[in-house]
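Take a look at the following structure, please.
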Amino acid sequence: MSEAGHLYMPKLAVIDRVVEETWDTKTFRAVFADEPLREHFAYHPGQFQEVSVFGVGEATLCLTSSPTRAGFIEFSAKKVGAVTSALHELAPGETVGIRGPYGNWFPHEALRGKNLLFVGGGIGMAPLRSLLNYCLDRRSDYGHIDIFYGARTPGDLCYTYEFDEWRQAPDTTLYLTVDRGDERWTGRVGVVPAHVREVAPSPINAVAITCGPPIMIKFTLPELTKLGFPDEQIFTTLEMRMKCGVGKCGRCNIGHTYVCLDGPVFTYAQLRQLPPEF
Amino acid sequence: MGAAILRKSDVMPWVRGLLASYRVVAPMVEGEGTIRYRSLTSEASVVLDGRRPLRSPKEHFLPQVEPLLTFRGTGTALAVAPPAKSDSATVILGVRPCDARALARLDDVFLGRKDMDSIYGDRRKAAILVGLACATPSWGCFCTSVGGSPAGTEGLDLLLTDFGDHYHVAVLSEAGRALVATPAFGPATDADAALAEERHAAAIARMPALFDAEAVAGKVEWEAPVWMRHARRCLACGACSFLCPTCHCFDIQDEVTAEGGVRFRCWDTCQFGEFTRMGAGHNPRPTQTERLRQRVSHKFKYLVEEFGRMGCTGCGRCVEACPVNIDIRSVLAEIEGGER
Amino acid sequence: MAFLCNWCSYAGADLAGSSRMSYPANVRVVRVPCSGRVNPMFVMQCFKRGFDGVLIAGCHPGDCHYAKGNFYARRRMPLVQELLGYLGVEPGRIRFDWVSASESGRFAQVVADLTEAVRRLGPYGRPAPIASPTLPTELEPVHE
Amino acid sequence: MSNLETALRETAARLLRDGRVALVLGYEAGSVPFRTAPAFVERAEDVERLVWNPFCTNNLATYLPKVKSVGRVAIVAKGCDARSVVTLIQEHQIPREQVVILGLCCSGMVDVERLVPAGGSLAGIAISTGTDGRLTVESDGDRRTLPVGEILQERCRVCEYHAPVIADEILGDPAGPLTAPVEPFAVVAEMERRSPAERQAFWRAQLDRCIRCYACREVCPACYCRTCFVDKAAPRWLSKASTVDDNWMFHAVRAFHLAGRCVGCGECERACPMDIPISRLNRLLDREVRGRFGYVAGLDPESVPPLGTFRPEDPDPGGHEG
């Protein structure tokens, strides 16, 4: 047994802050109990982790904070199952277990100098936010940034408190849309892919990063192809049922690809190679 | 590496001697006559004859349920502890060649793929495997069709061959030699070695290969009527996977106890519906057709692509356990023969 | 563990309490709308979790607030006693009876009888820890 | 037996050709001589796959809720299987008019372990059926002739309904040659002679061997819940860990869910890879339901299941003393 314990031993972290994003989604900021780890928990945008609520279980959640902002980690959870429901009951001061970071990440090195097109839907914005804030913290490394973010209703939009920060960032444009507006909504209405088609961002020296519900991905990928984005320059992160996160429990394979090891970030070109079982 | 002779009457004295410095795990009869590998106490009755047991030594390295950690307290006072160490030297008796080969497949995943699982790894390092060659195959056996043999030595430290009132003991490793260095063992002559060879050949002759597994690996296709044809009668129970010595999928869950709680891992199977069901209900493998395709492709295609060797050693337990007679040998023969 | 139907038995127990009747304190009460609501799984879960005895009390036939809940229970619970008895749970551990809202004395008596019977039978058994037949199972003590 | 097989194939072909059914659920040859496999025949020319022999052990009624979407289904049903179909109709899992029951008068299914002497191997066994229904078995180099009646499964030795109680077509002789059934509840009484402590020890040792593969649940026609209590997360009745207590809870609750519904087809015990005698629990409840409510499962699709109704004159609780 290595001194850090076996592969499945989580590290303890204390909930520092809970933000209610929507009626069923919360963002948790956690601080590692172990002092050195608090500062040096190295991770990349796009990676995921197994969050434990002891007595209930573990949930696979991506890191939504950017590694450029050290001292804490953030993850968002939609209330769908036993563990996420238990998470939603937690208040600051409670302890959770963290295993990770796991999986690959958005290739932020390779994206340097490129224009970035973010296309997010609902809770799918969580992994994109990690990369977006990473790029905004190193703004000069990247070209023009377009952000398309949509949700079913205005009440389903997450991270609303960072919208201004995103809008006012240099050479960055934020397009918000909702499937159904309400009386106070003045922005765009309609599904995200439609707005991407309408605005038609240029694919020249550009990369698209998208994540959202399967239905949105299904209609966004063809739009990006029509706009001229080559398959290798479209990145998405797959939501598969994962359990161990380290390639042992046999749960997250698509063909012989293990999403927890070879993903969760894939290019559209890679997705096309995978058997249609995700 | 040499050989020895062990009279059957000397087996239990030898085993009692082993208990002084090893934990001994051996096949023992339970309930209605089914055999299970259990940790031995001195007066237990070991079953070393008969056919390959329905349960395998996999259970020692990857038990059906084992604690990963315990926890107590809440808030900032929550404390977590690792499970008891399980790396004490262990001798496992009566390991069939197909089960020893199966452990090598588990090694690929638990020791090889990316980070090592130290819980499994510690037990593997601490285990000495005493093999027992198969004289008569069980009705589901097909080890010879997947590159194995009833007298295979891969992964074993000793191989016993039944000579009636005594065993021929082939020494296959230094660890095995250490076990044989006791008065219970007598010298083996060249004639013994020849007789062992003869017995092995006879056992192999009883098991002609049913298909060429190498060919099958290349012919496993995504869209093929063989999946639906066999999977239609599958009832989605877990018998095939739980008894399979190379199936290793597990789930991790928590249980609250009086003192606090325990996180454990337990066997799971891709044949169960909720194995891949996601939070919002989407399930990439909704019916048994996808699940049979996953189970067969994983062992005969994906693992071949990743490790260069199949994830099946032909023990036949899935064939014998299936309540609706889904016979993986028929599935593979159909795949090899192409769709008739 | 005592499953008390809200309209009769629980009221009877409440009356027993308010009129200062003494009955063994080691009974835990779960209020259910009706004895017909007591799912046999509740009874089995009690024994699985280490309870030593279970009482299911409902209204006398004809008094059920929902008219027929206790009639269904009257068919169900004897079968539960038979099945669990077959599995080794001594019949004395499960008491199924009628207690009306006014029968506070009877409630105290039923609880006393059941507790005495269970005391004589002894503890039913502690839930077994997670065990593997080939490995040690003692979990290391949780160090603070 | 073979003329039954021929009659079965002709009936199936007729039903398929006339378009009266979209699917015939039957048995086809298995991968070894002593096993058959459930068959799904959809075309008249495929009826040659259908077989009838003493190894047709599966209770095909378990497939009915799964295949009913194809339209009308014909099902080959032994006496016990037909009673399962009655239960499914009674519990509105499949409408009566949507299932065509091919009732086979069955003379019992073989207990595979009894084909060979103790310790013998079934590997490479050859079996041929004589005209008189006796089996000639060749294995491990010797030949034996075995009358089917002597190597029956336990459930067949106690069978009271070898002629199906419900059928659209009856194949075989309803007054068939089955010998007088062994008293079905003797095995139940045997356990009741043991003390509670002995019973508890017996069942804990047996259920400790359960690997929770759920073969017993999946082969059982009466177990058709979409989400079984085992798979529920809120409340979590059962841990996924196969501890003896959780196994105990699973089998206790499942047995109770079958009270007054189990027809005693014995498939749960046959399918159990660990040979755990779980059908005894159902046999006990069958005896109790008959004794207390005069009800036998799977005889009348119009009747109300015993725990779904009551009679005012049902006995009051006896207030069991220790």
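Note that the chains are named A, B, C and D in the order they appear, and that numbering of residues resets to 1 at the start of each chain.
The working rule: a residue touches a chain if its C-beta (ideal position, glycine included) is under 8 Å from a C-beta of that chain, and two chains touch if they have at least 3 such contacts.
Quantities reported herein were computed from a predicted structural model and do not represent experimental measurements.
Shared contact partners of chain B and chain D, listed by label: A, C.
More C-beta pairs in contact connect the chains of C-D than those of the other pair, out of A-D and C-D. Centre-to-centre, using mean CA coordinates, chain A is 51 Å away from chain D. If you average the CA atoms of chain C and of chain D, the two centres end up 34 Å from each other. Between chain A and chain C, the centres computed from C-alpha atoms are 49 Å apart. Centre-to-centre, using mean CA coordinates, chain B is 44 Å away from chain C. Chain D has residues 241, 243 in contact with two or more other chains.
Among the residues of chain C, those in touch with two or more other chains are 130.
Across the assembly, chain A contributes residues 81 that each touch 2 or more other chains. Chain pairs that touch, as defined above: A-B, A-D, B-C, B-D, C-D. Chain contact summary for the complex, chain C toward chain D: residues 40-41, 44-45, 48, 61, 68, 71-72, 74-92, 94-98, 110, 113, 117, 120-121, 125, 127-131. Chain D makes touch with chain A in their complex at residues 233-234, 236. Taken in their complex, chain D has these residues touching chain B: 30-32, 35-40, 58, 62-63, 119, 121-125, 140, 205-206, 209, 211-215, 217-219, 231, 239-243, 267, 270-271, 273-277. The residues of chain B lying in touch with chain C in their complex are 25, 36-39, 59-60, 63-67, 70-73, 77, 79-84, 86, 90, 123, 255, 259-260, 262, 264.
Taken together, the chain D residues at the contact with chain C in this complex read 188, 191-192, 196-204, 229, 237, 241, 243-246, 248-249, 252-253, 255-256, 259, 280-281, 284-285, 288-289, 292-293, 306-307, 310, 312, 314-317, 319-322.
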